[in-house]
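Both complexes shown next keep chain A, but they swap its partner, so chain B is in the first and chain C is in the second.
Entry: the complex of A and B
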């Protein structure tokens, strides 16, 4: 089955902790604002709830997984049910570089949490560009 | 009335990120576990069931669960069922929307006011279900 190379699939953990909310919002920012024409998504639980069609997702698209925590549900779920991701992102890894930020919200983000979600979204977008072979500055075309 | 067998119930939203309906379900679940019935409810990541996390599997098998699904693919219900969880009730955002057609949700990152109102109504329905299950468990 051939990859569809002009679109990248993003699978977010969407967990019910603040880091999961960051994953979800960062993913939506990429889908809606940063790379709307180059990205698609699938709800992670659909790998188990859906059929064979859903499970071919990572076989159809180069895939980027976005996880909130070290449990890495998006990465494990994608590997188990669909295929090897092109890249993996873990919010807590990026958070370690922002030592002063303490994530608290899982619904309404604070200004600092929003800025952090945007930073994660930029990292996802950069991986999208790499997956499409466009380099890191493709958004400035 | 005796003590309930279980101290709390899991409210598990679908985690959908592709439609506004998923956001409504998630928002309603947060309202129940944080405001309406914090003493009797917990939330967990549905994705943990999808990947077969042992601790989460144990929890959903031991405690009553309510699934909240945004769309007819019913990811939450199916993941709980596949995990042999104690699914007591399945609620659908689309059923609530059918009864309140004026409250059409829009937006995924941020819901419109109609979507927020729909989430509040769904939260009330979930809370009522929690009470029924707790009564039945006692």
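Entry: the complex of A and C
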């Protein structure tokens, strides 16, 4: 029981725009590399389609939504079907801080786009740590 | 020929399964390389979250759904939204048929890339059939 309580659900937008690709890759980086033991992904299409397992998880555990753009589909879906997310991240908000970067790719990222995805992943990981009441470097404990 | 000569393609794009990534990659190949003039790509999440104007497209044009797993979310959600599905592609079936699997959801690898190409060609073939009214 203790193990399952230490999980955070990440709901990523998966939209077919470059920012959606950044959302997906950043989320995968968190799931596979940065916080593999503390996170699970919630499949947004399944969640929206009425997946009971996804919705129940999102009701019981903290969620972090990762949206590519201001439409905030992941956040809206989560609020509608499960409740307020613990944290919300919007890729375009982070992009504003990187004024020189122009996202173009929606399948294969350039080197700069990969670096940006890593930056977004770090922000997600930081929110995971907050959700679990931990400080930074949670994975190194 | 369809009324506008266009076909809507909707992919599941699920995050939790590598085949969802293949579904997503394959529709990009169709819309960017194979049939850019004939295809309207519609993203599921904004449609379902009610923040997109694409519901008219889905309601008026023939739709091809591309599902990454047996949940078939794209198909179910298009049916739920009143879309007219005229073609369906289930990625796991094609993966099994060709014995090709991606490395992971974030890195398709050579086999995953090849699988995405095969699926893209299949989607393009359905697009052609629909556009020609066959």
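Note that in this section the second predicted complex is superposed on the first by the 130 of 141 C-alpha atoms of A that agree within 3 Å, B and C clash if a C-alpha of one lies under 4 Å from a C-alpha of the other, contacts with A are read in each partner's own complex, and residues count from 1 in each chain.
The rule we apply is simple: a contact is a pair of C-beta atoms (placed from the backbone, for glycine too) under 8 Å apart; a residue touches a chain by one contact, two chains touch by 3 or more.
Just so it is clear, the model here is predicted, and its values are computed rather than measured.
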Exercise for the section: Sticking to the clash and touch definitions up top, decide whether chain B and chain C on chain A clash or fit. Expected result: clash
Practice task
Report for A:71: first if it touches chain B alone, second if chain C alone, otherwise both or neither.
Solution key: both
Exercise for the section: Quick one: classify A:13 as touching chain B (first), chain C (second), both or neither. Expected result: both
Exercise for the section: Give one of first, second, both or neither to describe whether A:22 is in contact with chain B, with chain C, with both, or with none. Expected result: neither
Exercise for the section: May I ask you to decide whether A:89 touches chain B, chain C, both, or neither, giving the answer as first, second, both or neither? Expected result: neither
Problem - Touching both chain C and chain B, counted on chain A across the two superposed complexes - result: 12-17, 20, 24-25, 27-29, 32, 41-46, 48-49, 71, 73-74, 76-77, 80, 106-107
Fill in the blank from the handout: chain A contacts chain B in the complex at 12-17, 20, 24-25, 27-29, 32, 41-50, 71, 73-74, 76-77, 80, 106-107
Fill in the blank from the handout: Listed in rising order, the residues of chain C that touch chain A in the complex are 11-17, 20-21, 24-25, 27-28, 41, 43-46, 48-52, 71, 73-74, 76-77, 80, 104-106
Practice task
Spell out the residues on chain B that touch chain A in their complex, using ranges where they run on.
Solution key: 13-18, 22, 26-27, 29-30, 43-51, 53, 73-79, 82, 108-109
Fill in the blank from the handout: Given the complex, residues on chain A that touch chain C span 12-17, 20, 24-25, 27-29, 32, 41-46, 48-49, 51, 71-74, 76-77, 80, 106-107
